[in-house]
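Heads up, the next two complexes both have subunit A, just with different partners, subunit B and then subunit C.
Then we have the complex of A and B:
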């Protein structure tokens, strides 16, 4: 059985915002990957950014500098 | 113990070879059969259960399974199932689900969205409690198992959890990706047709 580990999950207000986040992170070599929004957060459909928990500060700083707004930021066992 | 090498043999050759080996035993004893696919493991297990032989099977490495039948003992499949190292496929009990990835995008409409959705699908697939037995990748889907694919780590995780990952060789060749396959094995249309025909359920996102 797969082992669950804590992960940082960042959600956005729209799908296009999440796709933009992916392009931004790839361009700036920032850690993480796109995932479907986990069911723990919402039963709805959406995309989120998953990253190691220790990348929180780096990511929030980069997003703030670039003017990327996020909706929610949580640590989940995934 | 008699050893039977049925690697690369198509159904029903592994069963035929094993039956011949059991006939050679002429009494109590064991036969070990090496096969390269899970369907053959299921067929051999089914045959052993029908005949009342004890049977256990294990995955040695991706694409290599060992099935050991012991003649002259009652079937012990249930006790073997409790041993962690042994993977017992109880024939018809385990649903044989095949996931088919025939494009690098999911659904029709925007390619940008479709790419994100496919990435999300493969991720969500490897998070499931019940995994498919096989993932088949062909045409545009073949790129997902190759170098540079955003789904590579997820497919590797599926493979590590025992899922067979098979990519169409014709497609790899057509797209110039033959040297870039990074997970699972190359397959051909006969195996693709066989996997789909023998599936209980085909999932195509």
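Then we have the complex of A and C:
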């Protein structure tokens, strides 16, 4: 497996909310990509947005301004 | 074949619709099932389609655009999910069975009571009767935007204002108008808008859905796979998944999305105007034929491009069969799943022959239909 590194992980209440986040980030040139939700956040399935840890402020500010709600936001070793 | 049954489904689709479906069938995984590129691509295609549907209908909440297999499924989701035991509902004589049967079933089960806005001799709803149908327990009005038999438009804005003034919800069936008539869900006060993808929207069969205004909560009638919250015993509450259990028709939705691009490029107004021009030409021709009786209100400035007619007292099925067999013209006879409308027009026994036009029809085809009717009238 790949060596683990700290990463920002943001989860959403639904797949649609997650994919909306992806579209928003692509449109505004914000960093990150979609990953399966890690088990540290929730067991089972679903999508999460993974981004560099130093992008936290930029992402949360942009999401807040755009009215995008997230369910959980954590720094995880992935 | 000259295809003039576009109110049932549009056969001729924009080429990009077919291309999009073929491409989707080679590239899309299962939306919301995983984070690999195939699944994500399906998520993206479906999200973009939700945004286009919302934009088409003047709805600012694409996350509350729910996809279903067709308008009947969408209406079942809306009607069964909305009414509570003891509620009263109002509908109209113009409705298709996709509205009537879910309502009748609830009524027959003793869950709700119903009243219907009557239609006048031209097939228009008698709006002034709305007030008299109100009851203290009236919860919602379920109404079509146009009769699938006559093509008459319903003034949904007027019905929406009435609903809001009396604290009622408005469920609208826009199956016949979407793609040909501009629709403004929020402006008109529609709470749940049900649509199909394969008629005027020119998408594939097996597509459709409903737009659910914020604050309106519908009980899901099916629950199951969602791709998230998998260990929860209950289906997710979040829209649109709340009403979308099971794998979505990603391939069909990709085609619908391409069809919505086509509508955007050409313009709903331009499409409706062309269809109405073809209808006008047809009406001008058939009005000259002795023995033809038309049904509907053709004084409406904007209507669906539908002409329902009968030839003398000939069975509508015989006329439709002769048109197909002898002239290669496809039309729809019989009851058109609109029993109350036929009763109101007095055509229950004879049925009617319905001609319906689309963007892809031509004046030449319209003229061929007129000539065929002229010949049939002389027989």
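Please note the rule applied: the second predicted complex is superposed on the first by the 77 of 78 C-alpha atoms of A that agree within 3 Å, B and C clash if a C-alpha of one lies under 4 Å from a C-alpha of the other, contacts with A are read in each partner's own complex, and residues count from 1 in each chain.
Everything below uses one rule, namely that contacts are C-beta pairs under 8 Å (C-beta built on N, C-alpha and C of every residue); 3 or more make two chains touch, one makes a residue touch a chain.
Everything quoted here is computed from the prediction, not taken from an experiment.
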After lining both complexes up on subunit A, report clash or fit for subunit B versus subunit C.
clash
Between subunit B (first) and subunit C (second), which, if any, makes contact with A:2: first, second, both or neither?
first
Which of subunit B and subunit C A:47 touches, first, second, both or neither
both
Which partner chains sit in contact with A:14 here, subunit B, subunit C, both or neither? Use first/second/both/neither.
second
Figure out whether A:34 sits in contact with subunit B (first) or subunit C (second), or with both, or with neither.
both
Chain touching more of subunit A, residue-wise (subunit B, subunit C):
C
Quick one: which of 25-33, 61-69, 187-195 or 313-321 on subunit C sits on top of subunit B after the fit?
25-33
Residues on subunit A lying within both footprints (that of subunit B and that of subunit C)
15, 18-19, 22, 34-36, 47
Okay, in this complex, where on subunit C does subunit A touch?
31-35, 40, 43-44, 46-48, 50, 62-63, 226-231, 236, 238-241
Quick one: which bits of subunit A touch subunit C in the complex? Just the residue numbers, please.
13-20, 22-23, 34-37, 42-47
Can you list the residues on subunit A that touch subunit B in the complex?
1-2, 15, 18-19, 22, 33-36, 47, 78
Mind listing the subunit B positions that touch subunit A in their complex?
112-113, 116, 119-121, 123-124, 126-127, 129, 150, 157, 161
